[in-house]
Amino acid sequence: MKKLLNDPGDAVADALAGLAAAHPGLRVDVAERVVYRATMTPGKVGLVSGGGSGHEPLHAGFVGYGMLDAACPGEVFTSPVPDQIVQATTAGHGGAGVVHIVKNYTGDVLNFELAAELCAEEGVEVASVLVDDDVAVQDSLYTAGRRGTGATLFVEKIAGALAEAGAPLAEVAATAQLVNGRSRSFGVALSSCTVPSAGKATFALPADQVELGIGIHGEPGRSRAGMGTARELAGLAMDAVHGDLPLEGDLLVLVNGMGGTPLLELYVIFAEVEAYIRGKGARVSRSLVGSYVTSLDMQGFSVSVCRLTDELERLWDAPVETPGLRWGR
Amino acid sequence: MDAAFFTAWLAECAAVVAAHRDRLTELDAAIGDADHGANLTRGFTAIQEAAVPARAPADDPTPTPAPTSGSPLPPGKVVSAAGSLLIRKVGGASGPLYGTALRSMGQALGDAPQVSPADLATALEAGVVAVERLGKAAVGDKTMIDALRPAAAALALAVQDGVKLEEALDRAAAAAEAGARATAPLRARKGRASYLGERSEGHEDPGAASAALLVRALHTVAARW
Amino acid sequence: MKKLLNDPGDAVADALAGLAAAHPGLRVDVAERVVYRATMTPGKVGLVSGGGSGHEPLHAGFVGYGMLDAACPGEVFTSPVPDQIVQATTAGHGGAGVVHIVKNYTGDVLNFELAAELCAEEGVEVASVLVDDDVAVQDSLYTAGRRGTGATLFVEKIAGALAEAGAPLAEVAATAQLVNGRSRSFGVALSSCTVPSAGKATFALPADQVELGIGIHGEPGRSRAGMGTARELAGLAMDAVHGDLPLEGDLLVLVNGMGGTPLLELYVIFAEVEAYIRGKGARVSRSLVGSYVTSLDMQGFSVSVCRLTDELERLWDAPVETPGLRWGR
Amino acid sequence: MDAAFFTAWLAECAAVVAAHRDRLTELDAAIGDADHGANLTRGFTAIQEAAVPARAPADDPTPTPAPTSGSPLPPGKVVSAAGSLLIRKVGGASGPLYGTALRSMGQALGDAPQVSPADLATALEAGVVAVERLGKAAVGDKTMIDALRPAAAALALAVQDGVKLEEALDRAAAAAEAGARATAPLRARKGRASYLGERSEGHEDPGAASAALLVRALHTVAARW
């Protein structure tokens, strides 16, 4: 394992120290692993998210004006513990309640549930929104349900804009839910990632093969396939998305790098995705190309698509000022 | 069994989890996210570290660390404090699940200073039921339940049959180990492994493997008690 | 070679098609390989840069308000040809002349020189600014001089802000030169990159070694060393920078990923860099952590430092709106 | 030598560069940026493609593509048009350097319809001087000059000695090849390889290697002329 780390066990704490040093707009409790906006807005609905580390800039990099109020990063690929979530929620509570944005993984769900109970006991009203956009997983009685992946960014951005505009708790939660319901994702890996505490690659992938339908935890995908061109791989991903939620109207599209993928390649994929969408008679109305919801050093990409409404587009366009996403101010 | 027995058990858990850290992580790498060994090592180490300053002040309302041998805390409190610590330190799926298991066991043990084999069987059953309730998994879903459920059943049966403690716990551990091994061919229906569909077949579940270690640790301690 | 590409020979064209589709604020001539702002500002000094591709988001990703007017990406790691540069310059000329920002490589220098001659013949006044910030190279009679690396971003941002403010050609060029003179960089590679047309890694690096003093073209560095902790590697880089230009006062710091480096690790490096700088009695006044001046899929990092003045800091803070860098609007 | 000779030379250059593409790239990977083979292949292929539509309109002011055999263009124009095309298509260091070499050779050849061995020697000298002027490299700096300079000297000497063309070009090519091989132990002082300092030692310079191929191509064409 070759990584820019000190003790691999300190990876998360050391990265948080760097985050704190780099962004005066954030307040970072390195010991307790909670990242807050430096200034909170009283009266506003709070937005809190969190999850395992290794997905940077998600979530801590999305704390700031127009997006999250606080985030709690767990160990690498391990959901945060209830204490962290409670601390983030209490701080994020400006009197109008807090929305928890939870990616649908057993660990995340259980820890956020425990935290929400504790928050309720402390008198903080919490509304939880599950993100489960990954079409690679069958949503059935026989799985833990679909995973939360790239669309988490959509949910955090759009709900954040609505909360910033002063909407009440129920409305922010409902809109977050709406965004999730209108979003789908699919991921492809060219290589495994290496979890620092494990010290070696999670899986081995021959030079001529890819993993299709990966999540964001370095887990193998639903199946393996031969390596293809950008057009073929983008086509596989888009077929999966389109097969689950027909591409129609104005779309918000994220072509996301998994952490080790150069931007040049992501733009090549985006060109293919955009052509695919045009071919279906739909339109890329807003887009984002870059590494936003990552899986450590994994090479590969995911595509996330959200079917916009005028209102969602307006909220997407609203100003945001975070380390990972910034426009309008 | 007194509080020292359970303190010894927690220490044994920490030792075996650390010894099997890499294997648990490798099992998790195959069908999960390669952190199970690190997660449990972190949790059980935290219990050991919290145990060092011995007894917590009586009026401390926060979850009490597991005390060292000789503490006035009853066994139930030792176990449930350890469970709270797992919840506070582990994260992931296994943190709340094992944490809840220990907390429920501890609650079942109550305030009694001594635990009989029958009490232990009842407590283990309570712990397993709590995990089933929280995780909604049943035997065959390829989770820790595949080890925990047969362990609880075997212990209850052995105790009912009047088998002496060490032998009863050996049977429970053997049942857990068999249950863990039996997860290998299964297709997962809960947890991360379920994302893999049929590709989850052919790999032992990491949580079932760790559950078998924890039950075996009970037997190990009983054998030298 | 495993890359998200169609024909490797089309990598640059395909990526430019994606860039065009993703950014309505850009106008992209895919055939001629020139990227312009969608709307030019007449009367403003033009800023044009370019260089080999493979360094994304540099340069095309820095075209937009407050930064470049046009960029011309060459083949991967190959400087653009004079035609491209002339086309970019002609378009970027709003009547007040054009600054060429040229990274100091033989190929870039020669092609920009040829282009500048042709532009002069067409009556476009061109001022060329060389960027040569890389302290790993001895600047001597016995080298091609120092390479232009991470500080190129500083030069483009700050000169861009000044041009946007209406400063005349000579002043914009002088400030660009000033920024370069006050900036230094040093890079470390954990792995080689793979040039698409070559199809295999440029060099092989054992699991326990790093290359010190790399540039941004996948070339081996000045020397090889054993793999170290983040603290050690950051220390080596900072020693080289500090040894060349003592760290004093308020600094602008870029901790830059080489293309395949996860953000988590860059923040760990940034924490070390910031501590190093504090240890020297200087201060990180502005910073940037991310992959901005890359070398395809190489894993590793570089650190760039600029000794700010009040004026330079003000220009750094000025609004910028490009695909790769955005704030203030 | 007429225009067709030079057109044949350019075609031979395209063929050898393509055949040695990977080797040139590997040499560049060792001490540069792994693109020299791709760069030259792109350039000489472009010359071949431009040559297909045969003769350019007489009043076209843009650099004229190299014409096919039988064109009315004089040799000098064929060569300088190819140089312009290299400048327009290659980029990098080698594009302007080789492009300038060909343009200067073409200018030296002027408008004459036939080129004598002495004319060729003069033209090659002019091309090499232009590269030296543009790139400011001298023999020993570990660049294409290490092959080009001895080639020009050997050709001039052979022609002066009245050696017949094929043999004279063989001597020039041999000198270029020896010069290229001799770059291996050197420490680079120009181009990317200079960044490596002493680590550039032990590797043949890619531009010197390609220069040797281009001079050898002259001999190859002369041999079958």
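In this document, chain identifiers A, B, C and D correspond to the written order of the chains, with residue numbering beginning at 1 in each.
Going forward, a contact is a pair of C-beta atoms (placed from the backbone, for glycine too) under 8 Å apart; a residue touches a chain by one contact, two chains touch by 3 or more.
Computed from a prediction, not measured in an experiment: that's the story for all the values here.
**Student:** Tell me which chain's centre, taken as the mean of its C-alpha atoms, is farthest from chain D.
**Tutor:** Farthest from chain D by mean C-alpha position: B.
**Student:** What whole-number Å value describes the gap between the mean CA coordinates of chain A and chain C?
**Tutor:** 29
**Student:** Please report how many Å separate the Cα centroid of chain A from that of chain D, as a whole number.
**Tutor:** The separation of the two C-alpha centroids amounts to 54 Å.
**Student:** Indicate the whole-number Å distance between the mean C-alpha point of chain B and the mean C-alpha point of chain D.
**Tutor:** Here chain B and chain D have centroids separated by 76 Å.
**Student:** Once you've mapped the touching chain pairs, tell me: line, ring, star, complete or other?
**Tutor:** line
**Student:** According to the definition already given, which pairs of chains are in contact?
**Tutor:** The list of touching pairs comes to A-B, A-C, C-D.
**Student:** Considering only the defined contacts, which chain A positions touch chain C in the complex?
**Tutor:** Touch list, chain A to chain C: 2-7, 11-12, 14-19, 21-22, 53-54, 56-57, 61, 190-191, 207, 210, 227, 229-231, 233, 259-272, 274, 284, 287, 289, 291, 294, 296-297, 299, 301, 321, 323, 326-329.
**Student:** Along chain D, where are the residues that touch chain C in the complex?
**Tutor:** Contact set of chain D toward chain C: 25, 29-35, 37-39, 42, 87-97, 134-135, 187, 189-192, 194-197, 199.
**Student:** Which residues of chain A touch chain B in the complex?
**Tutor:** Interface residues on chain A, with respect to chain B: 52, 74-83, 105-107, 110-111, 114, 136-138, 141-144, 147, 195, 197-198, 202-203, 215, 217-220, 222-223.
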